[in-house]
Amino acid sequence: MIDLKGVGVTYSNGWRALSNVQLKIDKGEFVFVVGTTGAGKSTLLKLLSREETATEGTVKVSGQDLSSLPLHDLPAYRRKIGIVFQDFGLLPNKTVYENVAFALQVTGASRQTIRRQVPYVLDLVAMSHRPDAFPNQLSGGEQQRVAIARALVNEPFLLLADEPTGNLDPETSLGIMQLLNHINLRGTTVIIATHDQAVVDFLQRRVIAFDQGGLVRDEVVGNYRATEAQEETA
Amino acid sequence: MIDLKGVGVTYSNGWRALSNVQLKIDKGEFVFVVGTTGAGKSTLLKLLSREETATEGTVKVSGQDLSSLPLHDLPAYRRKIGIVFQDFGLLPNKTVYENVAFALQVTGASRQTIRRQVPYVLDLVAMSHRPDAFPNQLSGGEQQRVAIARALVNEPFLLLADEPTGNLDPETSLGIMQLLNHINLRGTTVIIATHDQAVVDFLQRRVIAFDQGGLVRDEVVGNYRATEAQEETA
Amino acid sequence: MIFGSLTFLIGEAGRNIRRNGLMSLAALGTVTIALTVLGGTLWTTFRMSEFARSQPEKFNRIDVFLPPKAERSKAQDLLEELHKKPEVKEVTLVTREEAWKMMEENQPVLTSALDENPLMDKLEVELKEASQVSQFAQSLRDKDEYPNIDKVLDAGEEVRNLINLSRVIRVIGGGLAVGLFIATLFIIHNTIRLTVFARKKEILIMQMVGATPWFIRLPLLLEGLFHGLMGGVIAGGLMLFAGHLVSQFVTSVHSPLSGEVPSPFLEYSEAIMPFAVS
Amino acid sequence: MIFGSLTFLIGEAGRNIRRNGLMSLAALGTVTIALTVLGGTLWTTFRMSEFARSQPEKFNRIDVFLPPKAERSKAQDLLEELHKKPEVKEVTLVTREEAWKMMEENQPVLTSALDENPLMDKLEVELKEASQVSQFAQSLRDKDEYPNIDKVLDAGEEVRNLINLSRVIRVIGGGLAVGLFIATLFIIHNTIRLTVFARKKEILIMQMVGATPWFIRLPLLLEGLFHGLMGGVIAGGLMLFAGHLVSQFVTSVHSPLSGEVPSPFLEYSEAIMPFAVS
């Protein structure tokens, strides 16, 4: 479903964030993206959400080349994917409920749908007790969970999560990851950039690792760290 | 040096974030603040930076009751402490170099001081290779390191760090924590709110734990999790 | 579905205004002030040009002079004769003595330069239609039919002068109004832009969540519209109030001149015009 | 140290302006437009009131009328006599024929109402000082000393009228200018407020890093000042340009009247005044 061929990204200031990435992800896969800070994980996710475009190579999602996606089709594309931003990206003037509802409003969802879906996903991330709080009235972890709820609410076919548990304690982190795992089992493709070794090692799913913009490891069932055998071949 | 007596914080919307906290921290201590998300860790740090004021009890730092600190003495107080915000808090229109320099500019530091100190701390956090980047041109982990550099630059007597490694990979996290440890050994009091179990367990320093606004554990040498003996007594 | 979105978007505009209280207030203030200035200028220009344009209608009159020292009875006869004409609405006799008295009042410089009253009796003929003035005046100039008429004056000259004045006022005032209109548009546009800048990050987030450009723009536009409308209403109130004040002031300064026409501008212009002879 | 901070803070303002390009542009535009409107109004009011106030100085003149049908030689003698007086700057003879011709041109309604020239020879006496007018005129009224003088007219009435006109213009124009001044202040203040709102989060961060209120405020103020100054300069340019256009327009419409005084307003007012007689 996702197909990257010879992808490179050079930012406008000349910084080379990704180079020559070959990557295929099938529908329904669950993928951890790991790597040191600045390795290019967020850049990869931004390519898939069309926040950035590849300066080399092609990025195809569901057969559609994203760099040739017309601007007016972009909103429709983004409505079908769910994004958890590394910096949460909540609207500061909207309450928790409104922030989550907004992702449904943009799709033109009916009131009934909104009234049914929003409390449901807030409950999934254990944030249903504070629907009327504004983001600046929430702790970091709480904001992160609202961001996750918003990404889930319109049942996307592809979920991109950038460091979704960076501000959560280990128990809550594992809970959220298991939630994402569960959502994946219902058919959604999930791609998660993370530094959470414990979770990655626990779930034993596909792991791709980046280093300085290059894809250096791709295991169907992997750990946060490369096994010694791999380190030798690398 | 830091002395909290019967401290409670109730936010304007009625939410009770801390209650009846008794806490003493001596000069030169290194303290981890742990707890599930929403437990009140950030609120504790905000009390110490006077971003919030206690609604009950007294918060004293160096003998000064912070709630009676006159508004015009606030900037001077804040210049003497270093703060790493959970959401980085970098100025978006300033480069990495300028962001760090700004914390010195406000103290009226001379140009020489600035030219000496800024590259020095950027080097400490391994960010000296991109002084001219703007925050939105950096990865999450890179922004976090710049935020740490800014907090260190004017050699504060008290360093408050809220989740300083939430966006860093385990190796970089440990490196940063060891840096903070090192700075502590030179005399600075360091208080870190964190979810990073590995680091807390590795460093074996004082740990205080919060749960739902209450201080539930305080160990001079502790781990991220309570030992079984303590769980029994609690 | 689209209807649901619409009510949501309108609600959005309302929420934005409430939650950005101070920012909304600043924007509203700017729009109000700009519209007040624009409205005030437009209104003044309109009144001035209106006044100037309305004047020619008063010139549906012809002045008919009798020969010097003509007997009063002849004037009386002529008055009755003219009064019967179908074109004529009204005829008034202004005797030479009355005319002299008026002249003494209005043009003291001139009357003191004269040692005796050189004026003639005059009939002020008011026609039903201003358009008939020239033709009717011409007919009165027939010496055979009207031996008692010495001179006939229609208002041709004055009409031309006033139309010219009206033109000057309209062009200059219109230029001013157009300039101010552009200025107001510009200021309102900039104000909206500044409120948008303050939300740059929010707009970016909305785009990433899949909001279409119009979904983002509409609440902002509605917000601007609300500021514009509210600003317009307040501006209207301010203008009425200011107009009232000006009117009061002019009345207090020139009460004898401002009896007839109640609008501030008229009073102002009438107050100035007598002085304009120099 | 303080000096270092100051140069830093000035630099800050510069960086802010550069890095907030579009926002700066919007703010600058608003300030420019507001100042242009204010400046234009102030200038027009100033010119109008200036004009009205300068007029009385032209009334350092006294009109001296000789008896009707007096011989021309007497007028000539009187002219020479008056010319010798220390108070007198200049004396001009306007013969009754010249006066009639001017009257025919300017007041056709009136001259057609007269069957013969009733005017007298006139000496226009120009004094060195406008303040001496009343007293000197009084001395000329002495019949024993000046048997050939029939009537003496000083400009008392016109001066009073013109001062009155000047007062009306100044009060109304001044009110307008004060209103616009407040409006401009308000708009500029709001504009600065909007640019501050857009940086609410930045300001919070600066406070947390230990910046004093003035450390935060000064660059914003300097930025506002820059916008104000730049706006003022551009506004000045726009006004000069607009003034030039108006001047050209008025000249093209009323070339015969606008020979002497080059300022747009003067031309405008002179263009209107002849029409104002009605």
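A, B, C and D label the chains in the order they appear, each numbered from 1.
Just so we're on the same page, contacts are C-beta pairs under 8 Å (C-beta built on N, C-alpha and C of every residue); 3 or more make two chains touch, one makes a residue touch a chain.
Worth saying up front: this structure is predicted, and the values here are computed from it rather than measured.
Participant: If you take the chains that touch chain B and keep only those that also touch chain C, what is left?
Facilitator: A, D
Participant: Centre to centre, using CA atoms, which chain is the farthest one from chain D?
Facilitator: Of all chains, A has its centre farthest from that of chain D.
Participant: Would you mind checking which pair of chains has the most C-beta pairs in contact?
Facilitator: Of all chain pairs, the one joined by the most C-beta contacts is C-D.
Participant: Could you grab the centroid distance between chain A and chain D? Build each centroid from C-alpha atoms only and quote it in angstrom.
Facilitator: A distance of 69 Å separates the two centres.
Participant: Centre to centre, by mean C-alpha position, how many angstrom separate chain C and chain D?
Facilitator: Between these chains, centre-to-centre, one finds 23 Å.
Participant: Return the distance between the CA-based centres of chain A and chain C, expressed in whole Å.
Facilitator: 66
Participant: Can you tell me which residues of chain D touch two or more of the remaining chains?
Facilitator: 20, in rising order.
Participant: At which residue positions does chain B touch at least two other chains?
Facilitator: Within chain B, no residue contacts more than one other chain.
Participant: Chain adjacency by touch: line, ring, star, complete or other shape?
Facilitator: Graph shape, chains as nodes and touching pairs as edges: a ring.
Participant: Pairwise, which chains touch?
Facilitator: Final set of chain pairs in contact is A-B, A-C, B-D, C-D.
Participant: Which part of chain A faces chain C closely enough to touch in the complex?
Facilitator: Touch list, chain A to chain C: 49, 51, 75-80, 83, 85, 89-94, 102-103, 105-111, 150.
Participant: How about chain C: which of its residues touch chain A in the complex?
Facilitator: 1-2, 4-5, 8, 15-16, 19-20, 202, 205-213, 215
Participant: Quick one: which bits of chain B touch chain A in the complex? Just the residue numbers, please.
Facilitator: My answer: residues 11, 13, 15, 34-38, 41-42, 86-87, 133, 137-142, 144-145, 162-163, 166-173, 195, 197-198, 224.
Participant: Could you list, by residue number, the parts of chain D that touch chain C in their complex?
Facilitator: 20, 22-23, 26-27, 29-30, 33-34, 36-37, 55, 63, 65, 68, 99, 108-110, 112-116, 118-120, 122, 150-151, 153, 157-158, 161-162, 164-165, 167-168, 171-172, 175, 179-180, 183, 186-187, 190-191, 193-195, 197-198, 200, 242, 246, 249-250, 253-254, 268, 271-278
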